[in-house]
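Letters A, B, C and D mark the chains in the order given here, with residues in each chain numbered from 1 onward.
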Amino acid sequence: MIVMLKPNPERKQLDAFLSWLNERGMTVHVNQGEYHKIVGLIGDTSTLDIDMIRALDIVDDVVRLQEPYKNANRKFHPNDSVIDCGGVKVGGGNFQVIAGPCSVESEEQICLVAREVKKAGATMLRGGAFKPRTSPYSFQGLRDEGIRLLLEAKKETGLPIVTEIMDLSQLDLFDEVDVIQVGARNMQNFELLKALGHTNKPILLKRGLSSTLEELLMSAEYIMAGGNEQVILCERGIRTFETYTRNTLDISAIPSLKELSHLPIIIDPSHSTGKSKLVAPTAMAAVAAGADGLIIEVHNDPAHALCDGPQSLTPEAFAKLMVGINALRPFAYKREVTA
Amino acid sequence: MIVMLKPNPERKQLDAFLSWLNERGMTVHVNQGEYHKIVGLIGDTSTLDIDMIRALDIVDDVVRLQEPYKNANRKFHPNDSVIDCGGVKVGGGNFQVIAGPCSVESEEQICLVAREVKKAGATMLRGGAFKPRTSPYSFQGLRDEGIRLLLEAKKETGLPIVTEIMDLSQLDLFDEVDVIQVGARNMQNFELLKALGHTNKPILLKRGLSSTLEELLMSAEYIMAGGNEQVILCERGIRTFETYTRNTLDISAIPSLKELSHLPIIIDPSHSTGKSKLVAPTAMAAVAAGADGLIIEVHNDPAHALCDGPQSLTPEAFAKLMVGINALRPFAYKREVTA
Amino acid sequence: MIVMLKPNPERKQLDAFLSWLNERGMTVHVNQGEYHKIVGLIGDTSTLDIDMIRALDIVDDVVRLQEPYKNANRKFHPNDSVIDCGGVKVGGGNFQVIAGPCSVESEEQICLVAREVKKAGATMLRGGAFKPRTSPYSFQGLRDEGIRLLLEAKKETGLPIVTEIMDLSQLDLFDEVDVIQVGARNMQNFELLKALGHTNKPILLKRGLSSTLEELLMSAEYIMAGGNEQVILCERGIRTFETYTRNTLDISAIPSLKELSHLPIIIDPSHSTGKSKLVAPTAMAAVAAGADGLIIEVHNDPAHALCDGPQSLTPEAFAKLMVGINALRPFAYKREVTA
Amino acid sequence: MIVMLKPNPERKQLDAFLSWLNERGMTVHVNQGEYHKIVGLIGDTSTLDIDMIRALDIVDDVVRLQEPYKNANRKFHPNDSVIDCGGVKVGGGNFQVIAGPCSVESEEQICLVAREVKKAGATMLRGGAFKPRTSPYSFQGLRDEGIRLLLEAKKETGLPIVTEIMDLSQLDLFDEVDVIQVGARNMQNFELLKALGHTNKPILLKRGLSSTLEELLMSAEYIMAGGNEQVILCERGIRTFETYTRNTLDISAIPSLKELSHLPIIIDPSHSTGKSKLVAPTAMAAVAAGADGLIIEVHNDPAHALCDGPQSLTPEAFAKLMVGINALRPFAYKREVTA
């Protein structure tokens, strides 16, 4: 960490600052620049409150040279993490496809879709029980009943289930859920993250709509700091000025996160594009770039599909995409490990 | 609402769609365009699930002509709302300044700042008890103890207090708080919004970092749909590519929200700029543009200010700004009402 | 096009507007909505000035249902365009890799790189002669001498050359250049686009840093409206809040542009990521998603590489990537044509 | 400037780098951090090519501590610049209002508007002769004839004229123009900026739609590096996710640019909001925040106003706004100079 001081800092304040740093275990170098005194800190700066330092009267600016996250940092955990999701492994070369409907609607629907996606090659089942909707007048999901129906579908097909939590008060309902999903809008719901850090469930953490990769990893760090290291990162599209797609899939998030972190990274081509026609090409791109998995919306009988998003695939389109993915996978990019 | 159909929709599906719309009380006009059939809907479309319609097989695109919010909409409530905050009125010509430290640190600190800001002319006290921090290693606030200290400062000065809730499980602790603040990162924490809709407290709802005004008003709608109409909107800066300021204050949000809604709108110049030097000019701008109030960070003795943000004013700078604001107010823009 | 009128428009103004539309060949339908009269226009609305209409006193808002571009629109040209670039074909199943250094520095350098990339499988040579730099104090390129050196490298290797124009006054210098590149910052340099519309050279049109796909296609339309239909679109990363990568590669631009337009689309993984480590995985992703080509920075001897960007590959890394791309290509996504 | 080296840089490369820096007049300090060697540079780093350094094999990252612009930097020119625009002074306490129509349409129109805005208190006349339009099918302006008509209006009213240049080939036509405007889309048209740096005309430089303040100042630097120091900066709204306004006026650009630079800063409330109703409140905000001037669109007879934007004011609305501005000005924020 580099701290630039304002010109001519008061001696007393500077001394107080330097000894405060020493107490926190930092080795400190002070250099005189042309305009500023520059203080270089060596030590574990991830525990320093950068805003606190920036707020000091004598400080002009602070530059971090080191990532502010530790548990999620590949520097300290060079090997890929492998997360066990109800018996299905994600990461470290294990590629998985999670599929299912936007919302759970009925036992018939969720079981039907579960059978279809399993047949096509999906290895986990997704489905929304609690639905975050921008309008209070839109369908809010079947809630606890939705989770019950997902568990029925799991019983029938054996597929581990992934479903979204919206508030920490719902945690008890997720006892038998295999993977708890944190939605994009909750990526910085810090109270929820802390609570999930004290569970022993794998967490599928979706990137916020305008979050940076560092912010995503800081949210993972919240969970991991609580003791739960089973975090799967998920890129689901970020907000940009483009309007043809609902969001913009940040494809370079895959190799970038693999440089920065040891956690697995999966891609959601359905929500990032918002258009069913674009799901297959972007899913293929994610596979080629080295993603550890995909999460894809698949709907049931289109005639009843009042509740599926315009980004959902039919079971037929999904099955066809799985054929393409399986053919492509052997030729996908593999990260080179620099010794 | 205008629904564009795909070319040559199946007759049976179209009929089903049209009667579904009729059941929901819509009057429907169908026109044949050059490429698309176009369906115009007349009626209260705010209760229709636009994503549901967009997902239909026969639908190409949907354009809303009407705002999707009702309770927050000025069209249906032409007069300004006035919100009573522990005896202090906001909106409809009532201008208020909320001031106080970033975080509550001690009884001595919060009471000292409360006295200072009251003397300078602030009419409400702010202070963080629960602190949303990007890093799990940063100070997370005094939590319930922080609220207790705020209440002490209220007892001493009579200033109503405004403080942030981070999760609905904390709601009981806010019994004696005058105004509950919802932070930018929680603007779409829908479960929290629903719970606040069932309280009878004024809610200070901050705009999300990359949210549109419509999304802000939809979040207000969540609260209001539950029965609680006491919502104060707060623009606190949005994320842009600019890096000199922490965020970008959207000054036109003031007159825009006044067109769209009857709810009061206050401005947070401290968080939007992130730099104490920029607080005064942007606060003055907000007053000139017709804001109903300001929320400003003021810190105590700088020597102890390890916890205040770089955007905090000293009590002296705050007092000076209040003089400027009071001189400016009579010449501020006043919204013209078109008959 | 749908035009919403303000409530109670003046009869005389409405009549004037409707006959103005009729004169322009529009068929017009007027419907009375709950709040607004709604005017639906049928006809070739691409020639209507939407801002002009929006500015009319009686108009509240305008919604376009049809794309505002014609020549670039796939609706009117269902088959893929194939662009001949000095004997090398791009589009319609023809995949090409353009490679070369950031800047042309010397004859030795450009010829060396040209030989290397050709050996590895590149089919066109890129190299900057005119360099758009944010600082006036940075190296601005060899200019006309740079073009001369590129032509030397072409003579030696036979590779057609692609290089950037920065101003229409430079056009004469591009006489023997095979493909003229328009940089991201010039995507809306309309005078330049018009001038290029009167040449008979293939144009490589890069998307602006914060432009939408529609704006990119409107810029292509400027060139095509002048008579030059040889436009190759290039996605080179857009500006987002992410800072780990220099820009964010919009991978879904590939299938999206293929839906909207018949023009070929190539991807620049070097500039979009700004980091050499990320070039290979994003290049692979672009191939998998169905791009028509790639443009990649390759530098010469790293010891002299003071002028290459941090996103440049060594010739060895480039050769290795070409092997990966060639293995992947047969399994890439192929756009389905709906009858 | 701080340069972080990669772990264990090769001795030979490090030595070459350090002596290269010394040759450029830099004083260099090397510190060993926990993970990286850190090189601190002292000297005039604005002339160093930061990308060049970042590209070196041994370099991990570079952080600039100093602004990369010199001529535009307030550090080196502490006093406000005052720009003479055909006898009218801008900056250093001189506040001016530039007004006029979007496009010049006819002699009658431009002279009428010129008289009206002069009467209301405007001190310069604006009007578009060359019009940058996203569609090739939209009206492109009267071009040289438009400039001739502006000069007629100047002759009649004495108001200095401000009009936009779109390409350097048009420069001869601007001989009698008082202020040359560079539009937002041309802010990084570096060839144009260089050419303007060799004129002796005041330049009104508009900020690009997604440019940072630093980029704006770097573009000013291009002009100033050529010898022309008469640059007026103009904030005209930046692109954000908000759709209610056409762009988002960055109000804090005013005090921010005043910290960073000595150049005057004027605000365009018409283009930033895109809605005539929002012009007055945002113009008032700009005045309150300390802007040096405004540029406002005023149209002529609304009945003929097919060509004015929806953001134009009538002469009556403009006159009323001028009354408000004049009343507000004495109470506007004044920048404090820290000794």
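For this structure, a couple of remarks:
Keep in mind that, in the parts below, a contact is a pair of C-beta atoms (placed from the backbone, for glycine too) under 8 Å apart; a residue touches a chain by one contact, two chains touch by 3 or more.
A quick note: this is a predicted structure, and the numbers were derived from the prediction, not measured.
Comparing the centres of all chains, each the average of its CA atoms, the largest separation from subunit C belongs to B. Each of C-D and A-D has its own count of C-beta contacts, and the greater count is at C-D. Mean C-alpha position of subunit B lies 31 Å from that of subunit D.
In this assembly, the C-alpha centroid of subunit C lies 27 Å from the C-alpha centroid of subunit D. The distance from the centre of subunit A to the centre of subunit D, with each centre set as the mean of the Cα atoms, comes to 39 Å. In subunit B, the residues that reach two or more other chains under the touch definition are 210, 239, 241. The touching residues of subunit A, when paired with subunit C in their complex, are 210-214, 238, 240-245, 248-256, 259-260, 272-273, 277-278, 280-282, 284-290, 324, 327-328, 331-333, 335. Contact residues on subunit B toward subunit A in their complex (touch as defined above): 46-47, 49, 51-52, 54-57, 68, 132-140, 166-170, 185-186, 188-192, 194, 209-210, 215, 218, 221-222, 225-226, 239, 302, 305-310, 312.
Only residues 2, 4, 29, 31, 33-36, 38, 40, 42-43, 61, 63, 65-66, 75, 239, 241 of subunit B touch subunit C when the two sit together in their complex.
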